[in-house]
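Written below as structure tokens is the structure these notes are about.
The letters A, B, C and D name the chains in turn, as written, and every chain counts its residues from 1.
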Amino acid sequence: MTPNPYLWLVPLLPLAGAAINGFFGRRSSRKAITAVALVFCGLAFLLAVVIAARFSSASAPYYFNLAHWLRSGSFQVDFSFYLDQLSLVMLLVVTGVGFLIHIYSVGYMWDDDGYYRFMSYMNLFMFFMLTLVLAKNYLVMFIGWEGVGLASYLLIGYWFTKDSAASAGKKAFIVNRIGDFGFLIALFLMIKHFGSLDFTHVFAAVRPLSPETAGTGLLTAIGLLLMVGAAGKSAQIPLYVWLPDAMEGPTPVSALIHAATMVTAGVYMVARSSVIFERAPTAMMAVAIIGTLTALFAATIGIAQTDIKKVLAYSTISQLGYMFMACGVGAFSAGIFHLMTHAFFKGLLFLAAGSVIHGIGGEQDMRKMGGLRLYMPWTFATMGIATLAIAGIPPFAGFWSKDEILWKAFNASWVYWLIGVITAFITSFYMFRLMYMTFGGEYRGAVVQQAHGHDGHDAHGHGQGHGHGEPHESPWVMLGPLVILAVLSVVGGFVGYGNRFEHFLAPVFQGAMEVAQETSHEAVDHTLEYLLMGVSISVAVLGWLLAYLLYSRHPQLPARIAAKLDGLYQAVAHKYYIDELYDALFVKPLIEGSTTILWHDIDQGVIDAAVNDSADAARHVSDNVRHMQSGNLRSYAGWVAAGGAVVIAYMIWMGVR
Amino acid sequence: MFHLILFLFFGAICVAGAVNLLVQSHPINSALSLIAVMASLAAEYLLLGAEFVAAVQVIVYAGAIMVLFVITIMLLNAGKEERTKGSRVAIQIGVPGVLIGGVLVAWTLLHRSDMQSIPIGALRGDPRAIARLLFHQFLLPFEVTSVLILIAIMGAVVLASPPAVARGPRKDEG
Amino acid sequence: MVPLSYYLVLSGILFACGVLGFLIKRNIITIFMSIELMLNGVNLSFVAFAAHWHALSGQVFVFFVMVVAAAEAAVGLAIIIAVYRTRETLNVDRVNLLKL
Amino acid sequence: MPHQNTKDISLSITTFIIISIIKSLAVVSVLLTAVAYSVWLERKVSARIQNRWGPTRVGPFGLLQPLADGAKFIFKEDLTQPHVYKPLYIAAPIIALVFAITSISVIPFGNWVTVGPWGTYLQITDVNIGLLVVLGITSMGVYGIALAGWSSNNKYSLLGGLRASAQMVSYEVSLGLSLVGVLIMAGSLSLRDIVDAQGGVFWGFIPRWNIFHGQTIAFFIYLISAYAETNRTPFDLPEAESELVAGYHTEYSAMKFAMFFMAEYANMVTVACLATLLFLGGWHGPIFGPPILQALMPVFWFCLKVFFFIFLYVWVRWTLPRFRYDQLMAFGWKVLLPLAVANVLVTALIVAWRA
């Protein structure tokens, strides 16, 4: 089979759309912009579907070599694409969810002035993301990696006139640089030791090596560095701080980039490098621990947040923590599985939240919401489905993937499992809390007279922008994607039924399977598995009940509890003061140091001084020397004659010696 | 012997003329002494056998170039040169430098052993042979120099032609 | 029979006289003549070497030198006339605006 | 370096010197006589052209007039103005005359003659670059006039000197170029070779002279430039009495003036000899009669041709008006020079094609 030689078109189509919109969008009409953006993105999606249809595991992976890039001696890097089961899944998720979110954002951003800019950025992001997932070597992957970073920077700072948005974009960019630093060093190590960055070469070189049980070694180093990169991109401890702030961006951006696709790039990269990881147990453990801690940590923060998008952001972080945990325990396929389902329901959640925000005129504070189920039933329904999914209530998608992860984690170590279950409990608690606060009870929000008074972002009536006298349902161009994603969130889980998904991905994770086997073959009795399944279901239900009690039955309780354990609540509410900590630890010293040392001492004291002093010296010297240039012909001749005499003397001296 | 006498005779004229060029204060005398130098140099060339070179030396140098100098002197009516103290450098550094260099060169040349003697008329500068060399081996330099002198002529015309403002009334003078 | 060195010394003397003239004369025209003197000295050494090595090209070079001297004389004298027209003097010590 | 013909080398050095001295004395005396009598000739011819008698008193037909002139020049007071620049004022006429006379030294008058045991060419010395020597010496001759004009510190003289030098320098070019054609045909710079190359006749009656042999244009170019070189009418701007009193020799009197005078006529003779040698086949001509006559016949033909040239000079002088100076320059640079160059090219092409 040939999975469509037009593979390279998939990334390039969105790029073309981005270029067209970016260059000509300013002058063209909104309809034209919409058409361009959607057509190119949709074509990419269709192409991906065609490729998937013609895909057969038999002959994967499939290479496509677009062009030569670097050639230095034996080391060479090409612009080449790579299609195997893993990248196929990613391809479908990215193009599909991306396309839906494009449609959604048409309705959401229609009235924004920078509409063309937004669409162009979105397409650009699609291009880079597809490059990332289709890359055949780490360098092309890195291009996509940086590219999505750029796109996310542009989109977070989309309302760059707003200070918080601009600084949030910068924060995201800088924090990601830290991760990329690790990634780059890992690449250098690979070049140094394997002489190549091509997946096939590197993995072929790694496979024969035996696992480094010693806990140290080349592969461990590479693995840890890659993990740093992935932690940066996927917002894991300690580099997660940028993601909540990234919520400054328009909601579709949060949905597409910061929930569905980009943040999962780290997970994808770890899974892609599974061959390396499984031979570096220490790195694996680090990944698992980090993922687990992140999951719990972020979930706890999620409890106390009142901004609807922030809640979702932290839940994203914790879900990513799940995925990391999965990869860490060697259950890469489970991680990818959860990645996919998460893309569905988390994208759905964000879009629904966006619909809510949109519907009540830009309000994001849940305390000002409530009772919206009456005003926007579709949003309520779809968001409810997503909540069930993320909470892990069967038969929704989240249940299957999360349960898979927990089971694998238990096989690895019961600690992971325990923390995972607790996290699941908290997750379902704060998700249902969100649901109750948003849709339950009756409307608490002041009836905003003029929607547009709200500071710029997310604030505008859509289409027939009437004032938000009262909350209202969103237009169908936004509801459509919601519905589709809801369906996916319902049925998405069944692809994993009976490990079909796992077996589909099996060829990619050959080695990982072995690790999973050797860890898991002592406990393969299904009773235990079902038991654990029941536990996770029950904790999910418990979380639901708790949320129901606290936020539906006795709405005054939470305040009292918060008052009772005040310090803890404050800590949680302020995200454990992590931002302040980083500020004190890194940012301030950095600024101080660069101001005093780099700027005043080195730049002004050394570099500028050197330049100025040399200039002064030159001027003084020439002041003295210029008198030689008397303008008198004969004196010049005198100098020449003297010089000639010296030369003659020298030559004769050399000659007689 | 005869050869050496002739050489010394004309050489003495050369040196005398050169020194006279320096000591004379009036440019026309300097010019005449330079002509003398050139003429005696032509004689030296003859002693070396370069008869064609000698003839051309007289015709071109003495007969054309120096005439240009004399014409210029007459045209500008240059008088005795004024003894201005223009530059100390030239006197205090340049002149000693020249003398030292000259003495060094002469000393080295005279103390070399491998300087064999040249018989009278050693190398016949036959016009035919010179022409053959000039138009075969040195054809390109020849052409280049011809272009050079053409450019020089044009430059001279441009430089020496009086400024446009002064040209009007002085037309009839020719 | 005259040793080659005599010819060379003679040409050296002429050349040195030329340089001295350049150094001590004030009149532009005389300085120009000193240049011609140097060229003549060089020519003499050319011819002497030609006779010494039995290579006629030495004499050919003399012709090139003469052509260059002619061109130089033409342009130089034209420049002198132009200078005289503007500065009303032939004294190089008075034509020293090109400084500092 | 004067380089002897093989026949001379057979002689001992002393005899060579003696013979050379004899030859030079003879030639110089002959030349001076010729100069004197060309003056006489000029006066006569001009008188006839203007319907006068000319000198008749001293001797038959005034034949002794030159002697009288000489005596007068010698005995006149030689006055030297105080404002002249003495050394050059004195040197100038000497320079002029010396170079004028010297240039005759390489002119051959005839063939090889033997007197008793000794034989020689009728020529002071045979240089194989004779033509160049003549040109060089004549080109030096300009200094006499220029210095005279400058040193006698007088604006007329200065203008005369300037004109003379400029005109001689510029006409020298076309003069030299007009000779190149001849040189190409003869393939030598030695005057003797050039003359020998012109021996023989075409179709039995036309002599094989260069003037009939393709160098006609060159001949006329040479003629005109020669007039200019010798400052003769119509090119006698340097001494144009109507404009500058007497040009460069305004301040000169007595013997110094006589020197310029002789120099002018000596130059005429030289130029005439050159023209004869280069264009009119030198001493070639019908030879007949007894041996002694046969020995003298070539010299006779030579003198005849030279006389013809001098007569032509005189004739032209008293016939044509004087040029204006800019006309003179324009004519020299814009007409003669291109013509000469074209002539050289054509001749070279033909010769190359023949070869």
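We adopt the following convention: a residue touches a chain if its C-beta (ideal position, glycine included) is under 8 Å from a C-beta of that chain, and two chains touch if they have at least 3 such contacts.
Model, not experiment: these values are computed from the prediction.
Taking the mean of each chain's C-alpha atoms as its centre, the chain lying closest to the overall protein C-alpha centroid is C. For the pair subunit A and subunit C, the distance between mean C-alpha positions equals 82 Å. Note: centroid distance subunit A to subunit B, computed from Cα atoms, is 86 Å. Centroid to centroid, with C-alpha atoms defining each point, subunit C and subunit D lie 33 Å apart.
Measuring from the averaged C-alpha position of subunit B to that of subunit D gives a distance of 28 Å. Taken residue by residue, subunit D touches two or more other chains at no position, since every residue touches fewer. Shown for subunit A are the residues in touch with two or more other chains, namely 630, 632, 634, 637-638, 641, 644.
Residue positions of subunit B touching 2 or more other chains: 47, 49, 52, 56, 64, 68, 73, 75, 86-87, 90-91, 94-95, 98, 101, 105, 120. Pairwise, the chains that make contact are A-B, A-C, B-C, B-D. Contact residues of subunit A toward subunit B in the complex are 630, 632, 634-635, 637-646, 648-649, 652, 655-656. Residues 86-98, 100-101, 104-105, 108 of subunit B touch subunit A in their complex.
For subunit B in complex with subunit D, the touching residues are 28, 32, 35, 39, 46-47, 49, 51-52, 55-56, 58-59, 62-64, 67-68, 70-71, 73-75, 77, 120-121, 127, 174. Within the complex formed with subunit C, the residues of subunit A that make contact are 626-627, 629-634, 637-638, 641, 644. Within the complex, the subunit D residues that touch subunit B are 1, 3, 88, 127-129, 132-133, 135-137, 139-140, 142-143, 146-147, 149-150, 158, 161-162, 165-166, 168-169, 172, 176, 189, 324-326, 329.
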